[in-house]
Amino acid sequence: MSAPQPLLGLEGVSKRFVRRLDLAERIAARLGARLRDQVVHAVEEVDLAVAEGEVVGLVGESGCGKSTLGRVVAGILPASEGRLTYRGKDITKAAGAEAKKAALKIQMIFQDPFASLNPRLKVAEIVGEAPLVHGLVGRAELADYVDEVLTSVGLDPSYRRRYPHQFSGGQRQRVGIARALAVRPEFLVCDESVAALDVSIQAQVLNLFMELRERFDLTYLFISHDLGVVEHLSDRVVIMYLGRVVEIAPTEQLFAGANHPYARALLAEVLRIDSRHRIFKPVEGEIPSPLDPPPGCAFHPRCPHAIGRCRVERPLLKQIAPGRYSACHLNDQS
Amino acid sequence: MSEPDPGLSSGAVVAEPETLHAPPPRLSSPLARLALDFCASRPAVAGLAVILVVAVAAIFAPLIVPQNPYDLAQLDIMDGTLPPGSPSYAFGTYWLGTDVQGRDMLSAIVYGLRISLLVGSVSVAFALVIGSAVGLVAAFFGGGLDSLLMRIVDIQLSFPAILVALILLAIFGNGVDKVIIALVIVQWAYYARAVRGSALVERRKEYIDAAVCLGLGTRRVLFGHLLPNCLPPLIVIATVQVAHAVALEATLSFLGVGVPITEPSLGLLIANGFEYMMSGRYWISFFPGVALVVVIVAINLVGDRLRDLLNPRLQR
Amino acid sequence: MLVYLIRRLGQSALVLVVMAVLVFIGIYAIGNPVDVLISPEADLAEQQATIARLGLDRPLWEQLWLFLVNAVQGDLGRSFVHGVPALRLILERLPATLELALVALVVALSVGVFLGLWAGLKPDALLGRSIMTGSILGFSLPNFWLGLMLILVFAVLLQWLPAGGRGETVDLLGIRTSLFTLDGLSHLLLPAITLALYKTSLVIRLARAGTREVVLQDYVKFARAKGLSPSRVIYVHVLKNIMIPVVTVVGLELGSMIAFAVVTETVFAWPGIGKLLIDSIVNLDRPVVVAYLMMTVFIFILINLAVDLLYSLLDPRVRLSEAGA
Amino acid sequence: ALSGTALVGTALADDLTIGLASEPSALDPHYHNLTPNNAAWQHIFDGLISQDAKQRLQPGLAVAWKPLDATTWEFDLRKGVTFHDGTPFDAEDVIYTIRRIPNVANSPSSFTIYTKSIASMEAKDPYTLIIKTEAPRPLLPTELSNLAIISKETCEGASGGDWPKTEDFNSGTLAVGTGPYKFAEFVKGDRLVLTRNDDYWGGKPTWDKVTFKPISSDGPRVAALLSGDVDVIDNPPTQDLPRLKADKNINVYSGLSNRVIYLHMDQFADDTPGVQGTNGRNPFKDKRVREAVSKAIDRKAIVEKIMGGVAVAAEQLLPKGMFGADPALEVEAYDPAGARKLLAEAGYPDGFKLVLGTPNDRYINDEKVAQAVAQFLTRVGIQTTVDASTKSVFFKRRNSYEFSMYLAGWGSGTGEMSSPLRALVATPDKEKGYGGTNRGRYSNPAVDAKIDEALQTLDDAGREKLLQEASDLVIKDYGILPLHYEVTSWATRKGLAYEPRTDQYTSAMSVTQAQ
Amino acid sequence: MARTAEPLLRVEQLETQFFTRAGVARAVDGVSFEVARGEVLGLVGESGSGKSVTGFSILGLVDPPGRIVGGRVLLEGENLVDAGERRLRALRGNRIAMIFQDPMMTLNPVLRIDTQMIEAVRAHHGVDRAEARRRARDALGRVGIPAPEERLSAYPHQFSGGMRQRVAIAIALLNEPAVIIADEPTTALDVTIQAQILYEMQKLCGESGTALVWITHDLAVVSGLADRVCVMYAGRIVESGPVDAVLDRPRHPYTAGLIGSVPSRNRRGVPLAQIPGMTPSLLALPGGCAFRTRCPNAEADCAAEPPAERRPEAGRTLRCHHPVGEAVS
C-alpha cells in the first residue's frame, strides 16, 4: 500500500472544540474563580494517507474522536490544525472552486438512519437536490438520474415519491447512500453506517458497500466500533484512543497480533460467535475525559505494561514494520 | 437556565424498535398525515370549524351583518340599550340588543371579532417573522451574535407581556396599529427563543451535516433544510399565541389602553358593557364575552391538538 | 455560583437601567403630569411654580441623570401625586399584591399538580380528558372576563362573597395580611381564583405532559421492577421529575402573576401595586411608574434566583456553577 | 372592620362605611387641591368659613366677617374651640395656616391660588383677624373657605423642619383639626377610618366611626353596596341608577352639581388642525357654524339616553339659581334642519370632517357623550370622529391646541359665575390670570370688560348682574357650547339619607339616619 | 452450569398482545422455556421480535394497551400470571429482578443512588435505613465500584454509562434474587466496558447460583456467556437448545441466516450471507410460518399452517417445516 500519491492525505490534523468563557465567567475568573476555557481535544495530530481504492477501517471506543475525524475529512467540520490533501491538492480550507469540487468528491454516510434524512423532503428531492444544485445533471434528466441512483443502491425507483418515515431503517440507510452517490463521489466516509441496523439488515448493507466499491471504484474510510465489521471490510485498520491514532496496520496483520497494548486489549475483548463459554478478563478502568487527557501516553492509567516513561512522555506514532505503525514506548525497549 | 446535560443525550442514540419494521405505506405527504391525525380529535375539529366560521364572518362582515357599527351615521342613540330581539327601524331586529350608542350588538360583535382577529393574527405574523429570523440567525451563527441576541430576548422576556404592552400603549396612545405594534414587541422574543431552541436541536442532526457535506450553500441549508424542520413547534406557538394576543388585546382594551372607542374590539365591547351588567342590561357585555371566549377556546383547542401531533416526544 | 451571580446581576442591572430610561422617556412623552394634577383654577404662574416644584422644568436628560444618580443611592423619587417617596408607596401596597399572587400560586400548584398528575396517569379515561378540556377553558378565559363573571355570580347574584376590596387585615411581623381573618379570606377568594385559574391550567398541562413522558421512562419501569408500591413510584419517582418543569415555569410565572394582578386588582379593586400602577400611569405619576417597574424587575430577579436555586435542588444534573454551560 | 351589612344594619347603626370612587391622595389638607382631598379634610378640619350643600358661605371657625374697606377684611373667630389634641384655636392658628400654604413641599396643586391676593394678616386680638388684600377681592371669604385650619401649637417644628410635612399628616400625627371626626387610621388604597369628635363645636356628629373605602371600579362599588359591604357609595354609575332606584333596599340621592360639560371650538387659528374639507378655512370662526353645531345636538337625548336622565341639559356655564347665572337663558332647541340651513348659509352645504377630542376617564360618561355628539353632528353633515384619550394625554394635547373641537367640563370652585367665565371664555391673559382653560381661544372684549368690572365690585347684587350679562353675551355669541350640568348621585342602603352637595364632596356629615 | 431437575423459572405458552388502534400485535406468541439454578439462558432475536416484552411479561410489567392473554410463568413453582399485583410486587426485585438496556435511563436522575437502593431493600425487608444502606454499600462493592461508601450519595449523572449499569446490577442483586432478567444490558456500552459487565455478571451469578435470562440481539454475546439459547422471531421461539448445538448446527433457516450474516474472520471480504427482506410488522404477519416470506426453504405448506414445536434432539426445540439439513420433500 505505498502508492506514490495517496488519494487522501492527513497531516497533523487536529480538531479541538473550545468553549470560551463568556463575559460573566471572565469576570468571575478575574475574581478568582477557577475557570478557564474548556478545550475538548477530540482529534489530535493525526497523520494518515489513504490510497485510491483502499478501505480503511477506523476503530476505537466511544468518544475517542472517530466521528470528528470523519467529519473533518468530509469537510463538515474545519480542522483546527493540520492539512488535508486530496489528490495532492490542499483542501483544508475549501475556498477555490476546485477545492470545493474536490471536497464534493468526499461524501459521508451517517449512523442514524432517522436523523440523517430530512423528514420534510421526498426521496427524489433528498437524492436529487445536490446534483441539481451542482449542475451535475439538468432538470430534465434529473428524474431518470435519481431512478438510476436508487436502483444502484437496491431501491425500487417507485419509492422516489415517498418520505423517509415510510421506510425501514435498512432502506433509509440505502437512501442515505444514494444521496451520497448522486454527486459521484470517489471517497466515502462511513460513520458507523451499520451500527443501528439489525444483524440481518446489516449484512445487506455491508454487502451493498462492497458491491458499490467494485462498481464505482470507491475508497472508504469506514468508521466503526465493531471490530468484526471492520475486519470483514477493510484493508487497513486505524485504531484511535482519546483523539490520537495508536496503531495502524493491515487488517490481517493486526488481527493476527496487535502491537499497541490498547489495540491488544481491544481485540481481546471482541466477542466472537465461535468463542463459547468464555471467562471474561476485562481491561480495568474507563476512557478518561477528553477535556483533560492524562499526560504522557493517554492509555497509561489502564495499561498493564505501563512504565515510568509512559506517564510523562507521549509516544509518537512510529513505523514498526513496513506498513505498520504504533505509538508505544515499549517498542523502543526491545 | 442551562441546556440539558450533554452526557445524557450522547449515549441515548438508540433506535426505537418499531421504526425498523417496514411501516405500512400510508398517506405520503406529512401534511396529509397531519390532517388525518388532526381529524381524529373531535374537539379540535369543532374548534377548527368555529375558527373557520368566525374568520369567514369576520372577513365578509360588511356583507353579513345589518349595520356598520363604526359608521356613526348609521347609529341612533335613541335606539340605545335595547334588549335582544327589539325591533329596529333601520332593519329587521336587534337580535342581540344594542349598546348605549344604539349599536346593533350582533354587528358590533362581528366587527369586533374582525378587529380582534386582525390584531391577533397580524401581530403574530409579524412577531413570527421577526422572531424566527432572529432565532435562526442566532442558532446558526452562534458565538457573540447569538449571545447578544439572546440577551436581548432574555431582557424582553424577563418582563411580563401585559406590563410592557400597558406601558407601550400608554406612550403610543390608542389605536389598532399601535396595539399591533405593542403586541409584536411583546411577542417576537418567544419565537426567537423557540426557533433558536429547535434550530439548535435540528442543527445537530445528521441531515444538516449531510447537506453541508453535499456542498449546498449556507442559505439553502438555513432556509431549505433547517427552517422547515424548526417550524412545527413554531406553528403550535403561533396558534396558541393568536389566542393569547386576542386575549391580551381584549385585556388592554378593557383597561382602556387598546383600540379606540369608535371601533370597538371585543374587549372594548365587554369593557363598555360591563358598566351595564349590574343594571340587568347583560347583553352589552355578555355576548361579546361569550364570542371572545368561544374564539379563544377554539383556537386553543386547535393549538392543543397540533401540539400533541407535532410533539415528537409524544408521537408513539 | 459566582459566575451565575455575576451573570444574573449583570443582566439585571442592564434590565433595570434600560427599563428606567425607556419608561422615563416614554412617560415624558405622554404628557405633563402638572396638567392632570393641578387645579384647573390655577393660573399660569401657579402652573409654572408647580412645574418647578416638581423639578419638571429641567431638561429631560438632567432629570434622567438626577433620577439615575438618586436611584443608585436607593432613592427612586417622590410621587407627584402623593408626595411620599415612591418606593414607600409601593412597599406599602406590595404585601397585598404578594399575598394575592402567593395564594393564587399555592392554589395553582396544588390543584394543578394533582389534576395534571391524574390526567397524565390516565390520559384516556373520561376524567383525564375532561381535566384537559377544562384546562383549555381555563387557559382561554381572559382574566378580566372571568373576574367579572365571578363577581356577577358570587357577589351580585348569590351574594355569597364580597365584590371587591380587601377585607380585614391583621398585622403579622409588621406586614398586613388578610390570611388570618375570615373576612380577609372571603375578600381574597375571588381575586385569587381569578388570578390562579390560568396558572392552574398551565400547571395541569405541564404536569400532565411531564407525567406522560416520565411514566414511559425506563427508570419508572425499573422502579416498578424493584417491587416498589405504586404510591412510592408516583409520589417519589414520577412527582419529583415532573416538579422540575413545573417549578421552573411556575416560578417564573409568579412574576407574571404579579404583573397580571394589574388586571385582577382593577376588577376587584384590590389595593395592591397593580392598581397603583394603573392610577399612576393615568396621572403620569412618573416616579411611581418607574419605581414600580424597578420593583417588579427586582422581584423578578429574586424570583429567578429562587427558581434557579430550587431547580438545582430538584434536578441534581443542573449545578449552578455550570449554568449556561 | 366592616360596618354591619344590610342584614344587621341596625345593630351597628352608629358605624358608617362609605365606598369612594376616588380616594384622597393625602390627608395633608394643604397638599393637593383636589375634590377627594378636600372632601376628606372637611371631616377632620374646619375652614374659617364653611360652604353648605349649595356652596353658600356659612360661619365656620369664623362666626362673622365683613370688609372694612375695599382691601381690608375683618373676621370674628369662634371662641372655645379646641383641636383634637386639646390645643386651643385662635387667630394665630389661622395666620400660621395661611403662611404654610406656599410652603408645602412637592405640592402638585397648591392652595396658593386662594391666598395669593393676601397682602398682610394681623391678629387684632386672639379672636379677631384682620386681612388686607392687594386689590379689591370680593371673593376672599369664598377663597378662605377652601383652607383647613391647622393647629400652630401642634404643627410648629413637629416635622423637624420649618413647616410640617405631608407625611406626618398621612400618618395621623398631625391630622389634628377641629373638625367633627378624628383621625383613626389611614391605609392608602385601602381605608381611611375616622372616629367621632365628641367635643365638636357644631354639635355631636352622627357617627361613632366612619370608614372610607376606595373602590374605584364602578361595578364593584355598586356590588359592595348591594352586598352590604358599604353603607354609602358616591358616583354610582348612571347606567345602574334605574336599577338602584328600583331596589327597595337602596336609596339614591341626586343633586345638581356646579360642573358643566361643554364643547369648546377653536376660534383663533386660521388653519385649525382637526377640520378637513373646508379649503383651509376654520369654520368655527363663523358664528353661524357654531350655532349650527349647537342646534344639531339633542341635549335632552344625551341627558336621557347617555346620562340615564341623571344630568340636566345646560343653557350656560352654571345652573340657574347659582350666583351669576342668567335666569333668562334657555336650553338650545334640537333643530337639525335649522343646523343644516345655517351650515349651508355659512358656505358648508356638504358639511366638513371634524375630529372631536375628549378625555375618556375624566367626566361622567365623557367618551360616550362625545360619541353621541359625533353622531348628531354627523347627521347634519359634519362627519365627526371621536379622538378619545386618557385625561393626561388629553390635557396635554388640548393645551397644545391639537383639537378644533373638544369636550370638557368645568366645576366652579367658587360656586359662582366668575369662575367659569374667567377660565373658559375670557381672553387669555397671564397677568390677570384669565383664560387659563380657554383652549378655543375665544376672545370677546365686551365679555372681558364685564368680567373685569365684576371682579372689582364688592357689592354682591351689582356683581351678580354684571356676571349675568357677561354670561348672556357669551352664550348668545356661541363662544362656547354648554351641553349639560352633571348631576352627582349617592346611593345609600335603606335607612340612610344623603344630602347632595353641589361641590360633589362625599361627606359623612351629609349622611343621616332616615326617618 | 450445574443443571438440576427442577427449573427455577418455567415459562409455558406465554402470550402477550398489544391492543393498538391499528390492530392486535401478538408481541409474544406461545413462548416456552425454562431456566435452572445457575443457568444462563440467552434469548436472541432481532429488534421487535418480542424479547423485551417477554421479559416484562414474566415480571408482570406489561402496560396497557398490552396484556398477557395466555400461558403461565412459574417461578419456583408459583404461577406469576395468576398472582395478584400485590404478590407480584413482593416478588419483583426480591425473587426475580430485571436489568434494562439503557444505563442512562434506568436510574432516576433526580434521586440519589442510596435512595434508589435503600427503597429497593426496604420494599421487601423490614430493615432500618442504616441496615439497608449497609446492604446497598456491600452490593456496590460487589459489582466492582470503587469507594462505594462515597458513591452512594452521588447522583446517577455523576457516573459513566458502565458505572451506572453496575449500579443497576447492584440494585438487581440487592435482595439476592433467584432469577435475573437482563434486557440487553451491554448493548449501549463500549467493548471494553461490555466485557467488564459481562465479567461481573458471570462471576456474581456463578457465585450465587442465580439463574440468568440474557436478552440480546448479539449472537456473539450469547455464544460467550450463555449455556442455552432461544432464538426468537416475530414473537415466537423458533429454535432453542444448548449454545454449542444451536450455533454450530442451526436447524432453523432463520438461525442459520443470522449466523451467516455475522461478519467474521473466515469470511473476510466475501459477501455475507443475507436474509432477504426485512422483519415483518407484527400487525401484518404473513399467515402460516411467519418467516416463510424470507425463507430460502419455504414451500407451499409453510403458508398453510404455522409449524408446530418439535424436538429434533434432546434439549432442543424447533419450529420449522423444512429445517436446514433435512431432505427437501
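Just so it is clear, A, B, C, D and E label the chains in written order, and each chain counts residues from 1 on its own.
Criterion: contacts are C-beta pairs under 8 Å (C-beta built on N, C-alpha and C of every residue); 3 or more make two chains touch, one makes a residue touch a chain.
Only a predicted model underlies this, so the values are computations on that prediction, with no experimental measurement involved.
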Report summary line: Busiest interface, counting C-beta pairs, is C-D
Query raised in the report: Among the chains, which has its CA centre at the largest distance from chain A's?
Result: D
Query raised in the report: If you take the mean of the Cα atoms for each chain, which one ends up farthest from chain B?
Result: E
Query raised in the report: If you average the CA atoms of chain C and of chain E, how many Å lie between those two points?
Result: 53
Query - Whole-Å gap separating chain B and chain D, where each centre is the average of the chain's CA atoms - result: 46
Requested in this report: Go ahead and note the Å separation of the Cα centroids belonging to chain B and chain C.
Outcome: 23
Report task. Name the residues of chain D that each touch 2 or more other chains. Result -> 219, 223, 226, 361, 390, 393
Query - For chain A, residues that touch 2 or more chains besides their own - result: 22, 62, 168, 170-171, 198, 201
Report summary line: Going by residue number, chain C touches two or more other chains at 30, 148, 156, 266, 281, 317, 324-325
Report summary line: Within their complex, chain C touches chain A through residues 2-3, 6-7, 10, 324-325
Requested in this report: Would you pull the chain D residues touching chain C in the complex into a rising list?
Outcome: 1-2, 25-26, 28, 31-34, 105-110, 112-113, 116, 166-167, 170, 187-190, 213-217, 219-221, 223-224, 226-227, 229, 361, 390-393, 395-397, 399, 410-411, 413, 419, 423, 430, 433, 436-437
Query raised in the report: Quick one: in the complex, what on chain B touches chain D?
Result: 72-73, 75-78, 80-81, 100-102, 170, 173-174, 256-257, 260-262, 274-281
**Report entry** Of chain A, residues touching chain E in the complex
**Finding:** 61-62, 168, 170-171, 198-204, 206-207, 210-211, 225, 227-229, 231-233, 251, 255, 265-266, 269-284, 286-287
**Report entry** Residues on chain C engaged by chain D in the complex (per definition of touch)
**Finding:** 30-46, 49-50, 53-54, 78, 80-84, 89, 92-93, 96, 148, 151, 155-156, 159, 162-169, 176, 183, 266-269, 271-272, 275-276, 279, 281-284
